[in-house]
Amino acid sequence: MSASAPINTAVDLGGIALRNPVLTASGTFGYGTEFGPFLDLRRIGGFVAKSLTLEPRHGNLPARIVETPAGMLNAIGLENVGVDAFVREKLPALPDGVPVVASVFGSEPASYAEVCKRLTGVPRVAGLEINASCPHVKSGGIEFGQDPTLLADLVRATRSATNLPLLIKLSPNVTSIAEMARVCEDQGADGISLINTLQALEVDLATRRPALRNVLGGLSGPAIRPVALRMVWQASRAVAIPICGIGGIATAEDALKFLLCGASAVQVGTANYTNPMAAAEVADGIVAWCAANGVARVADLVGTLEVPE
Amino acid sequence: MSASAPINTAVDLGGIALRNPVLTASGTFGYGTEFGPFLDLRRIGGFVAKSLTLEPRHGNLPARIVETPAGMLNAIGLENVGVDAFVREKLPALPDGVPVVASVFGSEPASYAEVCKRLTGVPRVAGLEINASCPHVKSGGIEFGQDPTLLADLVRATRSATNLPLLIKLSPNVTSIAEMARVCEDQGADGISLINTLQALEVDLATRRPALRNVLGGLSGPAIRPVALRMVWQASRAVAIPICGIGGIATAEDALKFLLCGASAVQVGTANYTNPMAAAEVADGIVAWCAANGVARVADLVGTLEVPE
Amino acid sequence: MDAEVAAHADAGGPNRRLRLRVADWPGFAPGQFAMLSAGARGSAQRDDPLLPRPMAVYREHAVPGGSEVEILYKVHGRGTALLADARPGDRVRLLGPLGRPFPDPPAGGRAILVGGGTGIASLYELAARAQGEVLVLLGARSADDLMGRDDFAALGVSLDVASEDGSAGRRGLVTDLLAEALEEGGAPSVYACGPTPMMRAAAELASRASAATWVSLENPMACGFGVCLGCAAPLAGGGFGLVCRDGPVFDAAAIDWENLA
Amino acid sequence: MDAEVAAHADAGGPNRRLRLRVADWPGFAPGQFAMLSAGARGSAQRDDPLLPRPMAVYREHAVPGGSEVEILYKVHGRGTALLADARPGDRVRLLGPLGRPFPDPPAGGRAILVGGGTGIASLYELAARAQGEVLVLLGARSADDLMGRDDFAALGVSLDVASEDGSAGRRGLVTDLLAEALEEGGAPSVYACGPTPMMRAAAELASRASAATWVSLENPMACGFGVCLGCAAPLAGGGFGLVCRDGPVFDAAAIDWENLA
């Protein structure tokens, strides 16, 4: 295929222009500098930073992670440097030429909104991703992403706090992901990221205790990929705003399946741990697949899954 | 440990007396006769038959199954011989000495109830398990197990149709499993089985179509075990009726984790395919573990997970 | 159910020949298969890939203290790629023999065996044991891809080959060979195994020639012994047959080819 | 990041010695580790077990065209059992060297190295490169379990051993040996690696003797290079240090031992 025109890999994710559809997922790529020795960030489409809160957070006591079949659980507890230190110290250290999406987290819509404000207008921040998997303090621990009313409040509050492209990252621990996606669209979100981790538990049989100090954790990795594909497909049929697909993506083939199911872009998460070059390999592999299959524009693949009758 | 007293493995599952806590899961053990060449059914605690409907059902067109990371998807479409043929032909062919739990399925509470009636009083049927993962026809395809009101109707209807021990098998595709468990308890169920499969999708990249003809399928196998453990733990804290734990159980260690999380018994599903002797090996392995760990009664382990502070 | 790898060798192109030492092998009939773990079993459990792979029993060999079961397979996806890593002494899980075999070719009659792709492996023992006149037609994409040619040739049966790129035998489809063979007349029995479109075409040709036709289907399987209902093939009369239990061999006229995936 | 198994041998009881041929190995400092795939990589992807395993770099050897990295490890759970299946020529994934090494023992001073269980592997190169007086104290459950004894002996350093069942060296804990060694006085530097309770006890003993103490923590890891935040160890001053990036070597006084899992 060397003689043919280069593949057009550019995609638009709710107003964020990406040179290719492969981002790295929040919490799995640090603040972007840690991959320096392993990965040239200019090979990927963009990078989503670890979720930021208003104040720095220490996170949970260990053990914070445990391996499970084809996956892992984590309960990091949203350890982060806080939004101000991110803007002051982390952003300037990032190499040029990679769009940065900042992930935002809080305990109330107001604190989410404040973090959004502080990130708006900051050079290098190309868009915001609202992590709606935070337990809402006043509602007894139910996550924003698990209740349509709470979610609507959250999207409304963050939408009015910023004019940056606004993605809402949804929790998969719901009865109807389509309903949640529609709430986001109705309240003016520019796009949807899904999925976050599946709530799960692992036991340490030797101690007869939970394997994680936090008891519950989030399941990620290849194990959850079929659930993520299902949710992306369901959400993409429910709303018109673009979707960023996440969940167990480790290869170009995995990513392509998400595109077919309706994702405009994808994020690589846990696979970064097992192979720090994973995201770049996924991006390159998409190009190779398109070349081999006569696809000239990656964006043309989005939502083309052919469903029988 | 040869000199010590034998381990007491008997458990009570909502009125079903089991010699040991290991059953086989509905749809993964046929009608119990297929395992003849591989497994002596008297080694396991009991067996749950393939879900039965009022009329025989043919099921879905192929492909019905596909492998996924540490799991598989299925969309069999509830192919079954119908309740009458089950009573007439399948039950008598079963070897003696293994408690049979019949699984019941329908499109309306009334048809579920009718199946329950036809199974009540039939020799060899030790209890009923209501498969609540059926899409409710009149409510536009939402599963009984996904809506508290529909679920309450279903439990009420089946409860009044039988005096057999009544287990409700819940769908994991819900925001709050604790809420669903409470509905079952409130309406008089004797126990809860969980989890059924996670709704999921796999894509065949070569054809750019869903891998299953039915598009969506149910994810089972080790991949889902941490989600199942979480739900068993949450449900066991929400209700007092016993729980039968299901999801990715392949070894005695897996089963023991479910017991610690509050399950009174467990079911082995997908593991039967990869190893037809799996359920018996799980049962034997529990005895060995108890012997090695000084546990005299398996039932004493139930719900003893030690949770920090 | 554990079997030890006795030998493992290249068999041309992507094909491999695997010999497994099995303790209580009961013998098999042509067309039966086994479920083989996707790769050798290591020193600890691995949950991925999860499901075993169905493989025809190619041949069996009596050895001191047991039997060796021979499998001829093609490296296709993950499971077979990992199986190809298995070395002598490694252990695999094997369940079998399973399924309903081919009916014996009529003693005095003429049997045409049509194999394509990996389906060829299901036919070898049928050719070896057949009493009457046997014509074997093998098809593949290329010479490289073609399975078992020399083994069939060594049986001394009539043998004809077609390949899509012409690198082995005639350029074309194995069903072209079948069409010609059927023209020779004599209402033979036809035994076909290969990709669904090939079997479907073979069944149509044979039915036009009023030849009894048996096909061995290659549906995906989870269990291999009739409990998951995953391998169901739609039947012409309505309903489904289980490929693992009611098949893999079916009367071609009994299959609803339109709806077979 | 792919490395080839050059040699793989028993190293007593559950212990194995693995030599990996690495193309661009930059060298390492004592206490650094690598992330090793849980088992050899086969011809196709396997998603289970998923995470790599942290392993200390035991030694390195220059060979024509590259380096061989030596790992001394114990078969413990699934990942190491599968690693033990790897044969020469197999490939594993290796990321490293990672982490902050031990500070060099003060040139003229006395260094006490305390190793227990798999922690022993982190100390060998420290002993080998130390300039001053070195005392190595090794502990294990039994003689069978004990790692690396002969290698340390061959260094010619002072060496003392304790085992819980008395089958190797003194019956008791390695910290008993440390307590005695500290009584000899001289405010040495202490370097400890092993199970958390052992390191905690060593740190307390050393602190009472006013000895500077460095510990190398063994927290579970997912990434090994500071992005998952999974390996966090609580610090005495509040907050967390990342074992993979800020450690694995920490000043014992900086650790909040109470809350370390």
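Letters A, B, C and D name the chains as they come in the text, with residue numbers starting at 1 for each one.
Simple rule for what comes next: contacts are C-beta pairs under 8 Å (C-beta built on N, C-alpha and C of every residue); 3 or more make two chains touch, one makes a residue touch a chain.
These numbers come from a predicted model, not from an experiment.
Chemist: When contacts are scored as defined above, which chain pair ends up with more C-beta pairs, B-D or A-D?
Modeler: By the number of C-beta pairs in contact, the winner is A-D.
Chemist: Go ahead and note the Å separation of the Cα centroids belonging to chain B and chain D.
Modeler: 45
Chemist: Just how far, in Å, is the C-alpha centre of chain D from the one of chain C?
Modeler: Comparing mean C-alpha positions, chain D is 52 Å from chain C.
Chemist: How many angstrom lie between the CA centroids of chain A and chain B, rounded to a whole number?
Modeler: 34
Chemist: Roughly how far is chain A from chain D, centre to centre by C-alpha average, rounded to an integer in Å?
Modeler: That pair's centroid distance is 35 Å.
Chemist: At least two partner chains per residue is the criterion; list those residues in chain A.
Modeler: In chain A, 68-71, 213, 221-223 touch at least two other chains.
Chemist: If a residue has to touch 2 or more other chains to count, which residues of chain D qualify?
Modeler: In chain D, the residues touching two or more other chains are 45, 47-49.
Chemist: For this assembly, give the contact graph shape among line, ring, star, complete and other.
Modeler: If you draw each chain as a dot and join those that touch, every dot ends up joined to every other.
Chemist: Taking the complex as given, what residues does chain C use to touch chain A?
Modeler: Result: residues 47-48 of chain C touch chain A.
Chemist: Spell out the residues on chain A that touch chain D in their complex, using ranges where they run on.
Modeler: Touch residues, chain A against chain D: 27-30, 34-35, 37-38, 50, 58-59, 61-72, 74, 76, 79, 213, 221-223, 250-251, 270, 272-277.
Chemist: Can you list the residues on chain B that touch chain D in the complex?
Modeler: Spelled out, the residues of chain B in touch with chain D are 69-70, 222.
Chemist: Tell me, which parts of chain A touch chain B in their complex?
Modeler: Contacts found on chain A: 68-71, 73, 146-147, 173-175, 198-203, 205, 207-210, 213, 215-217, 219, 221-227, 229-230, 233, 248, 253, 256-257, 260-261, 304-308.
Chemist: Please name which positions on chain C make contact with chain B in the complex.
Modeler: Those residues of chain C that touch chain B are 1, 37, 45, 47-52, 93, 95, 219-234, 238-240, 245, 259-261.
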